[in-house]
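Each structure below is given as structure tokens.
The same chain A turns up in both complexes below, where it pairs with chain B and then with chain C.
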Partner chain A sequence: MKYLGKMLAAAASAAVLVGGIATAEQEKKPLKIGIPVFLSGAAAGPFGLPERKAAELVIDALNAGKVPAPYTKIGVNGRKIAPTFVDEAADAPTEYRALVEREKVEVVVGYTSSGKCKAIAPLAEELKAFTVFIDCGTPQIFEEIVTKPKFLFRTGPTATPDNVGAARYLVDSGIDLSRVAGINQNYAWGQDSWRDFSTSLAALGVKSKIVDKQFPKIFAGEYGAEVSSLLTSTPTVVHTSFWGGDLEAFVLQSAPRGLFARTRVVMTTGEALFPRLAKDIPEGAIVGARGPFSIFAPDTELARWFAKAYEEKYGESPTYPAWKMAQALFGVKAAYEAAGVDATPEEAAAALVGLEFEAPAGIVKMAIGNGHQAIQSIAYGVYKLGADGKPTVEKVRTYKAECVNPPNGMTSAKWIAAGFPGAKCK
Partner chain B sequence: MLKTIAILLDGLNYSAWLFLVAVGLTLIYGVMRILNIAHGAFYAIGAYSCATALGLYYSAGLPEAGAFLVMALVAVVVGMLVGLAIERGVLRHLYGQDEVLMVLITYALFLILEDSVKLIWGVESYFAFKPYAYFGFIDVGGLPYQVYDLLMVGLAVVLGVGLWIWLTRTRTGRLMTAVVADREISAAMGVNVTFIFATTFAVGTALAVVGGVATAPKIAVTPGIGVEVIILAFAVVVIGGLGSIPGAAIGALFAGYARAASVHLAPEFELFAIYAVMALVLAIRPHGLFARTDGRKI
Partner chain C sequence: MTIDFTKDWRNVALLAVLLAAAFFLPSWLRFLLQTALAGGLVALGVMIQMRAGLVSFGQGLYYCIGGYAVGLLAAKAGVAEATLVIAAAVISSVVIALILGPLLSRYREIFFAMLTLAVSMILYGLLVKAATLGSTDGFNVPPVTFFGFLPAQEARGDWTYVLTALLVVVACFLIARYLASGAGALLEAVAENELRLEYLGSSARQAVYIVYVIAAAVSGLGGALAAIATGHVDPEMANWTTSGGFVFVALLAGRGSAIAPVLGFFLLELVRTYALDIAPNAWQLILGAVMLAVILLLPDGLWSLVRRAPK
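Right, the complex of A and B next:
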């Protein structure tokens, strides 16, 4: 009997021990994150690669517990992060389904193209998959496509602050806006950008004449006729939201023909040109970085760490797509850790609603889109090549997030048309 | 007035570019009856090769003017090598197959070559823009216009005329014309059809590579540029009539001016201006403007 008692005690101890190990194993189960970024196509070089590099850097650093405060805890809630990269250029909905249903990732973090985001947005809600868009600027995502989101988020700002900010910058800088032209890609991103920019000028009381508006096909690459049209319509300002290879080709084709010398060109994504075309961007061009990223980033410990670590690892400065990828990953970590140690994806998604978290680009507020869409400040400056051959900006103006974003529940178009009600710019 | 000048120049410039990228496609179809989807990949290979060669050339600190010689060499050497490799390695085993099957085969080649480009050059953009700025611009009635763009018009004219002379005034060209008319009879009469096919494919490929080389200094050379080109090239040759060199020239002019006029006068329609012209032409002449009437074989 005594022997039996010992056996039972030993068995009970073993069960507790096994259970403990099982719990520990469960705690250590890695957090599988699907990361769709452009790994091929024209957007891979300027977007997909820096995004992937940033993801690998941040994930490695988080897994090693080497990120400064407030992200010193290893991984996410102690769980190591296991990323799966897929090509955004492929059939996005099919790849997304594969990530969620076959790979069983807990969260999807990625997407740069507005077109891809528009396709994925309803799917994320349908599959109830915690999904965080990093970039894709079209405000349509939470204004028209998914108006009652639960699982879908975007931790990067929409295109609205880019274009409201550009309009405010031009007005505040006293630049001649009597004749305005635009060249934007012919899809949601380009059309929304031009709409927000041109209507913002009107809302700011500027009496501009729109002398030309070009909408070439995305990835067209050849803009000779468009540049001629811009030159012959003699604008005082040209607005463009071109990105990637299209922006590079536009600058290479228009600068030698004197477009930048004849008119002020404002490029909402111009900062992405810095690493490879620093010497070829005409000085005087007005450039943005789609938020307080990169050269416009605040001087915080996290910002310094990210920029330094990226430069040390890859030998180049991170452009804004890299900053936005880092921002999304920190957002996911902040959400999981706010939801608790054993948080499920659903609980983490619920915790991200309306959350304010720190990123290398400063505090991110999930303030609009019913708490699913981030807002941040926007900055613009005039491009100048530094004496050391490095790109710089001068005459920088920064606009607060609440100055360039609509309030929650109001669409960008209506907000701008109504004259920015509730904007807090002082 | 300035707008009219701009439309005239832009139309001419874009037409020249379209002709450069389309003429090789129509030559290959005309002689070999192969609708070569891989044409777009040859264009991309030309652009990448040019960017790489110019990068090496400039980094060696050699005189800028010599870059144009490098571009010419790249166009001829890369074009002929790639063309002969594909023709000898793949296509010669498949002659006589159905035209639709050949479309699928060249599509497969296109996909393989596109991925090969990514394997060799990666996905970063390449730049080779110094030649574009080398000659500067001239002022045409108040419109600054790059001399390089006007030189491309000259290149298109020289290539078009040269090709026409080659096909109509040389022995090889006439033999090609004979093969176009009837492959079996030509072979029976002693024409070396194998040689004609290999030459045609190499020249057609070289023309696509010339298009890529000439365009590289104007663009960011990125993965996927071949896809855009093949669609436009098809539109041009369909307007002109598949297999017709003068047709390619006229098709390029139609498409080029349609796009230029649209960009300047109604930018909203730019996206489908070329395809609207194509649809109109096909509605009136279903085989294109210069399609050769095939005799019915019994």
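Right, the complex of A and C next:
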């Protein structure tokens, strides 16, 4: 009996010991983040790969504590980050549920396609899962689909600033806007981009004649007829929201035929061409980066660190999708750390509402969509190949976030149509 | 190869038991099952046409019509009653099939495959151009009500699962009865020897017309259930890659039972989700290897394992 008592005591103390270790372990329990990005299909090259590379870079650096201020703390709240990558090209709602319910990730950070974002948005609220969209341009997410968000965020700006900014840049630069044409892919992104751009011009009081509207199929890859049409309709400005391989094909096919020499071409995602086509982009083209990313990034320690570390690790400079991924991860870290050392995903989500945090692309304000949608400044510039063979931009104009984004509670389309009420541009 | 479908209702009863038990699966797995059931109905539509030797490469047409019928009614017209939207999905699919059927039932083999594909791609093209319907992004479908009752958010999954399981069992049962009937038996004759069938006094075109319309009805139901499950529709439902997937499931699962495509779709989705987890960069490779193995080792599909077993 005595012996049994001793045994029990020993077992009890062992249990306490084990329990103690378990709690110490629990404090360092890794933060599981699910990262759905395109790993296959046409969007993998221009979006998924840079996003994945940026995620791996930032997570490794955070886990090693190598990121400069204000993110010097290891991991998130001292917890190492454990990413689970999943292919966005697969069935999104099924794989999202698998991430949240099977893999038990605490946060989901990802999604580039607007279609996928639309399908996931109500699901995030239903499953009460802390979810941060990195990109997906459509402003509908918080304007129509989830109007009272709690768990869903987007740390990347919507597509609205791209086209409002492009219109403002053209007007402010005194470029002849008497004859305007557009070439955009015939799907949601291209249609929305053209609508925002043309209505923005009208809202700015420009009396332009729309001389040509081309909507070729997405991934068409061959634009001979469209370029001919753009040349013969003699526009003074051509707007395009092409991206990826389509944009490369368009530049390579239209530049030799003199389109860029005859008219000003504004490419809202033009910056993404820099790593591969620096020598083929005609000088004088007006390029954007869908925000203050890459060549338009502010000169901060964090921005310099990110660009340099990415270049050292992968041998190429990061394009805007990479910057947006980094931005989302820093947003999650900032939210968790603002919520406290033992923050749960719910607390972190609550802390991200309306938060202002620093990203490589400067300060990000979660200002609209009731504090769930980020706004950022937008910049455009004229392309120039530097003397050292590196792509640069000149005549850069930057528009403040409040100048190119609608105020909280107003939809983008209504805001543009009403002539940008409440825009603060000074 | 003649298959007796008169006893296939037993398999359908087995499916009903399995689906009832599956109610208690973890919610992610049950959701995967629910979407697979919806897709499985479309594969079933492909399968019954295959029994007549016809490969439809455009079954996504009816999947998409069913999905958009539910979506348009629930999101744009404000009618979210489950019974009404599902009925509308099936009826609109049947109406389109009745119109297209007389043309398509004249063609066989590759011509039938290409024509079905073409019709489906026309719808895809129209939807992509329709900016008001969200173009390629599609649009979201609000939750459906059950005789005016809207379940709480937490319970919606349970309700839609039960709805899906019930309708899938009913659809499989009806298809099994059809395949066991005279009209169903004619399908094999169409595939084997059309001329002889005509000499016997039956119309091959009529048999094909009937199977085409029935396949459209189950596919439209599948599309409706998919839209209710995921709460989102987009033109990808009508794209040829989606249709190709259904053909593949029908081949993979085999043609021996009305429940084969439904179960086959679920197994394929299961392989897919674990392949994605294990190899996010090479999941298609795993999926392809599994498909290749099934085709090489089981030329009559997975169902041949089940049929072989009792003997």
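The rule we apply is simple: the second predicted complex is superposed on the first by the 406 of 426 C-alpha atoms of A that agree within 3 Å, B and C clash if a C-alpha of one lies under 4 Å from a C-alpha of the other, contacts with A are read in each partner's own complex, and residues count from 1 in each chain.
Just so it is clear, a contact is a pair of C-beta atoms (placed from the backbone, for glycine too) under 8 Å apart; a residue touches a chain by one contact, two chains touch by 3 or more.
These numbers come from a predicted model, not from an experiment.
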Contacts of A:126 with chain B and chain C, given as first, second, both or neither: second
First, second, both or neither for A:276, with chain B first and chain C second: first
Which of chain B and chain C A:95 touches, first, second, both or neither: second
Partner chain(s) touched by A:50 [first = chain B, second = chain C, both, neither]: neither
Partner chain in contact with A:226 - chain B first, chain C second, else both or neither: first
Partner chain(s) touched by A:249 [first = chain B, second = chain C, both, neither]: first
Partner chain(s) touched by A:39 [first = chain B, second = chain C, both, neither]: both
First (chain B), second (chain C), both or neither touched by A:216: first
Partner chain in contact with A:118 - chain B first, chain C second, else both or neither: second
Contacts on chain A seen with chain B and repeated with chain C across the two complexes: 39-40, 186
Contact set on chain A toward chain B in their complex: 38-42, 44-46, 48-49, 89, 186, 212-217, 219-222, 224-226, 228-229, 231-232, 244-246, 248-249, 252-253, 256-258, 276-277, 280
Contact set on chain C toward chain A in their complex: 26-29, 31-32, 35, 128-129, 131, 134-140, 153, 156, 229-232, 234, 236, 269, 272-273, 276-277, 280-281, 283-284
Footprint of chain A on chain B - complex, ascending: 2-3, 6, 9-11, 13-14, 17, 118, 123-125, 127, 129, 132-133, 136-137, 143-146, 149, 215, 218-220, 222-225, 228, 259-260, 263-264, 267-268, 270-271
Interfacial residue positions of chain A with respect to chain C in the complex: 39-40, 84-87, 90-91, 93-95, 97-98, 100-103, 114-115, 118-119, 121-123, 126, 138, 145, 186-189, 191-192, 195, 218
